[in-house]
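There are two complexes below, and they share chain A, which is joined by chain B in the first and by chain C in the second.
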Partner chain A sequence: MFYRLSGVHHANYVSDSRIFKVPADRNLTAFIFLIGLAAPFIMPSLYLNSYMLPWLIWTAAALGLNLVTGWAGQLHLGYAAVMAVGAYSAIHAARFGVPWEFALIIGGLASSVIGSLFAFAALRVKGLYLALTTLAMQFVMDWVLTHSPAISGGSHASLQSPTLALLGQDITSDTGYYYVAFGWCVLVTIFMLNLKRTGLGRALVAVREKDFAAAILGVNSFYYKILAFATSSFIAGVSGALLVATFFFLAAPEQFSVNVSIQVLAMVIVGGLGSIIGSYFGVALILLVPGLVNGIVAGGSEALGMQINVETLAHIPNAVYGALIVIVLLIEPLGLGKLYGNIRDYLMVWPFDQLRK
Partner chain B sequence: MKFKQHLKAVALTAALATSATMASAQDEEPIRFGLCFDLSKSYTFVTPQIAQAAQDLAMYTNENGGIEGHPVEIIVRDHGNEPQRGVECYEQLKRDGVFIFNFLSTPVSNAALPRAMKDGNILMQSFVGRGDAVDGEVFEWVFPVGPTYWQQAANAVSFIKDQLGGDLSSGKIGFIYLDYPFGQEPIEILKTLSEKEGFELELYPVALPGSDQSSAWSKIRRDKPDYVISWLLAGGHVVASKEMRRNRFPIDRYLTSNWLNEVDIVNIGAEEAKGILRGTNVAGGQDVPIVKTMLETYYANGKGSGPESLVHDVYYNTGMAIYSAGFEAARMAIQENGWPLTPEAMKTAYEGLSGYDANGLMAPVTVTSEDHGGGGKTRVEQWDGETWVPLTDWSAEYLDVVWGVIKESSEKFIVE
Partner chain C sequence: MTTNRKTETGDGDGAILECRGIERRFGGIVAVTGVDLVIQPQEIFGLVGPNGSGKTTLTNAITGFYPPNEGTVRLAGRDITGTAPHKVAKLGVARTFQNLALFNGMSVLDNILLGRHIHMNPGVIRTALYWWAAQREEIENRKIVEEVIEFLQLESIRHELVDGLPIGLKKRVELARALVAEPEMLILDEPMAGMNQEEKGYMSRFILDARAERGVSVLLIEHHMDVIIGICDRMLALNYGEMIASGIPREVVKDPRVIEAYVGGSHG
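And now, the complex of A and B:
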């Protein structure tokens, strides 16, 4: 009933390959897009700059990882390192005087080059071996960052980013930062939505399912894997640069360390491999829930007047958060995106399916 | 009808309650200190002690009339050493009226620093974050009261110089460190001083987390340095002590930074650790007036803010020192400029701290608008099997060299 299918007929390929086959999906997306646009006016600034903004940027990043892990099926444990390459190259470019528009692209391209160069070597192995090689990339990058002051910005390894300016406009307000993040996330989302219905997307899926079967079909699996790595690295690079330019204002190696890589992978897995809406949910769960639960627990204990030791108080949210991830994956191993899909499928024919029961 | 009456009653009580709290709040609005700490991940070896010290000190202050009549409120939150959550904590507490922050984590302090600088909020940053933040001319809102790692390393070299009879030209100093920014920081200073004083410097990097040091120590056995300066953390000292015994390196030639506490001593073994040296800006042990007061007033009656074992820890003293200086600055600020306390007044007051030593708790600090560190004085204390025995007086050496590095580094911070 809510996702009405009546009157929806796909009589030709163009109509069948539309992004939104059901009008309700399109309307819902448009509605969420409008809320996203209006967010600075309807949301308290705290939520805007500490939750929405990082959420959108990390979603863009997670979508990039989803491209390589969810679509092309290549496990990647060095994603944060690729983001670091983009962040540092973009900031160095901007500090050098390159306009931010180009600096961001330089960041993306630098990531793309390094990411695919690495993939070129790493893709000679598959599966767990590939995971391990990408992890090695992460450690190489960590080492490079902590040992080359020229890149990391002196002995403190923190590099301040110049003021972000796009199209000749200095961006300094929370609203401005938000729109930059929003714009980037929308762009990546549109790209990913379209990827599904292109030859490239189908080739990636073929490679994921069985790369030699794909080869038999005439899909050059090595080429498509490299392409997936290059594209996802570009997204990672720009996301990393934007994360620093709009959120941290300063790049430090810890922002792109190995545990961040694992976190992004967790976002993708909890959200659902190959699911776009799942990436949004996954990022929300991994990134925002710890802070939110922390606030709720702290607020709750204060309201109840309980004298809990600060350490205990800090560990309760961690336990809750861990339990949440386990619960989600137990209920639906395919992730939050699939969970949403289940609800959607249920509502599609509700309440008429009740008649059968 | 009944429901409506009910609603009215509830509304009335709520209104009364708010007006009552508002009245009392106007009388004595609290001074809020925001502690966004890592209580669950990497910094847990120090954060509970510091948070507990801050809470104890606040409790004691409040029971004795508060700061100029205003109670102190300590707000502790966990950020799990994640920069993103640290920023979130900063933004949230900022909206709750906090303008004095402490993050006690280098990555999180770094992430919050640009915001604090832009908003003009006080960032207490002793022992963490950028060392060059002591340069008050660049980092106006950051107060890392205490010595930088550079200054600590310089003071360590000066101590060794004294021990070797005032001449380092034939000396050899080893530097064992965790091979990441924390451990690498003193290298530049040590190199400069090695040129200046003519001693031989040997570097022994140890990979994180510092649990494998065998190659470093067998090299030390071959090189035979007179002293080894150590920039290791927590468990790293324990591993080092084992290696020292294996390689017959005397533990009383092992000089650490301020990051060595009773937990590490217990893990090494109190007897085994006899003679270990520690550079510090805070008097260790419980024989310090304020720590004694806490033990007698609260812990003797089981009313402390946490377990008593944490008080018998030199990091508790460190926390006391950090917050004593903060409270003193708040007191001076209100005395000078009255209520409400503003970040500007707090900044000016901080910069007016002169020869303040928290009644023998810490090295006297004189904070100025140029030097937010307060002089960087430390002393060397030795573990005698039971407590810390000071070997030297509070002093800061090679100030010109250290400030050369600070200025050179802080210059690079400024960007358009």
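And now, the complex of A and C:
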């Protein structure tokens, strides 16, 4: 219907290797990009700051985890720890007087180094054992953060982030914060889209699917696993740093604790392993739905004049969102991204869908 | 010991692949022992033997998955004994697998493009700066891949996922993936298993054409004796990990030991 393949002809390999081959995909993406650009002008700043901004930064972070779990197939339960390394390194660097541009890169690189240590575990163990190893590393990182005042910032274990400044501009307004998050998310998304059509992405999938077959094609699986961990950790580090610099303003160890790791993994799995648009959906579901349900339940009960006590009110959203995750994964184990893909594929041939089946 | 031991072994001068005294043990089990094998450039060399006779173990010893416990493997005169598989691939050995090793979730095109991996130089920065740093390389390799796609007549399924293809096509995609690497030595592990007579004919023709047009040498593992006799220049028969006969296919298949290994004793 909206998506049409008819009339699309590729006359050369450049056009055949475009990111969006269907015109509708391209137009839709451009439209969403423009909405993203215009968001500060069409959205109240409360929504912009408490929903859009964390959504974009967590999406960037989830895409990073998707790289290592969805593409390279390595289960990672210590992702928040890697984000913490980036956040603390960047903020310490910025407090030390390093310009923010470099502080963010320092944060990313520090994360890469620590994240690559996780990779050395991945070279030895697979599957559940790797999950446990990364989980153990998460606990080690938690312990280090809470027990070293030099890193976590004194007895209160909180570290004030200095004012964000990029390209010589102090960024203090909500709009400014939003554009920083938006820019970072777009950059990560473009990288992931390119990953789908380069030798790097193919090599990672090869390592995930059959490492012995990858080896006989000349793919060194050790090297590519480390590369996947290092790249995803870089994305994690910068995302973690931006999260503190534009959203929390104060770094604290519990922002990067083990349940955050599990939450990011849930975002990736609910969104769909190896799906880029899925990561956007997954983060939206995990991050935004609880608040949304909360609002609906509170508003609804008030409108109906029902008396719901505070404790129940706090638990209903959690139950609903837990149920939503289960329902999504029951309907489509490959997540929301695949669900969207199914609808798109159906519309692509509508009303001649019988030709497909 | 063998029908034509002299012609088979010869000397290794100018040989593309030369194995001497290969032995591979798994614990107390001797899977392959004392195997000598010399393949000349542009030769199609058959390797036969009943199930469990050590054919696949021998290829795994050559490609580095299970390095031989004893003996040497030389590729074009260069000692590659015990080299890691991904390095062996870079030196010009490609192989297909008995139980298909395509990458599910990827299109036929992407699977074949992976065969070009050793000729490409992928990296993180190059991926990030695709338009400036990777596009040219991708397109150039795509052209080479398209030549092989045309050669193996895979044009119509190029963009399809490999998951759902029939086995005959899967085997052909795997052959394409091995060929685009432009190997000097091509090892085909039962490329015609489970194929009907017509598909076998196609596959044999592709192998002969690959040699004629691309000059590869082929080590062909097969159970179909008609194919071995039809397209192989020389062959080697294994049983219980040992060489029992080698030489010209027509003569080897008449060897009583080969017949005994395949159809059982008291037949001659």
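Brief remarks follow.
Just so it is clear, the second predicted complex is superposed on the first by the 347 of 357 C-alpha atoms of A that agree within 3 Å, B and C clash if a C-alpha of one lies under 4 Å from a C-alpha of the other, contacts with A are read in each partner's own complex, and residues count from 1 in each chain.
To be clear about the criterion, contacts are C-beta pairs under 8 Å (C-beta built on N, C-alpha and C of every residue); 3 or more make two chains touch, one makes a residue touch a chain.
All values derive from a computational prediction rather than experimental measurement.
Once the two complexes are laid over each other on the shared chain, residue contacts for A:194 go to chain C alone; chain B is not touched.
Contact with neither chain B nor chain C is seen for A:29 once the two complexes are overlaid on the shared chain. By the touch criterion defined above, A:231 lies against chain C but remains apart from chain B after alignment on the C-alpha atoms of chain A. By the document's definition of touching, of the two partners only chain B reaches A:162; chain C does not. Of the two partner chains placed by superposition, A:301 touches none, neither chain B nor chain C. In the superposition on chain A, A:175 makes contact with neither chain B nor chain C. Residue contacts after overlaying the shared chain place A:209 against chain C, while chain B stays out of touching range.
Residues 46, 49-51, 54, 95, 146, 153-158, 160-163, 247-250, 252-255, 287, 290-291, 294-295, 298, 309-311, 313-315, 317-318 of chain A are the ones touching chain B in the complex. Considering their complex, residues 13-14, 17, 190-191, 194-195, 197-203, 205-206, 209-210, 212-221, 227, 230-231, 274 of chain A touch chain C. Those residues of chain B whose C-beta lies close enough to touch chain A in the complex are 37, 39-40, 44, 48, 51-52, 55, 76-78, 80, 82-85, 87-89, 91-92, 95, 106-107, 110-111, 113-115, 129-132, 179-181, 184-185, 187-188, 306, 409, 412-413, 415-416. Residues 63, 65, 84-90, 94-95, 97, 101-106, 110, 113-118, 120-124, 126-128, 130, 134-135, 137-139, 142-143, 146, 177, 181 of chain C are the ones that touch chain A when the two sit in their complex.
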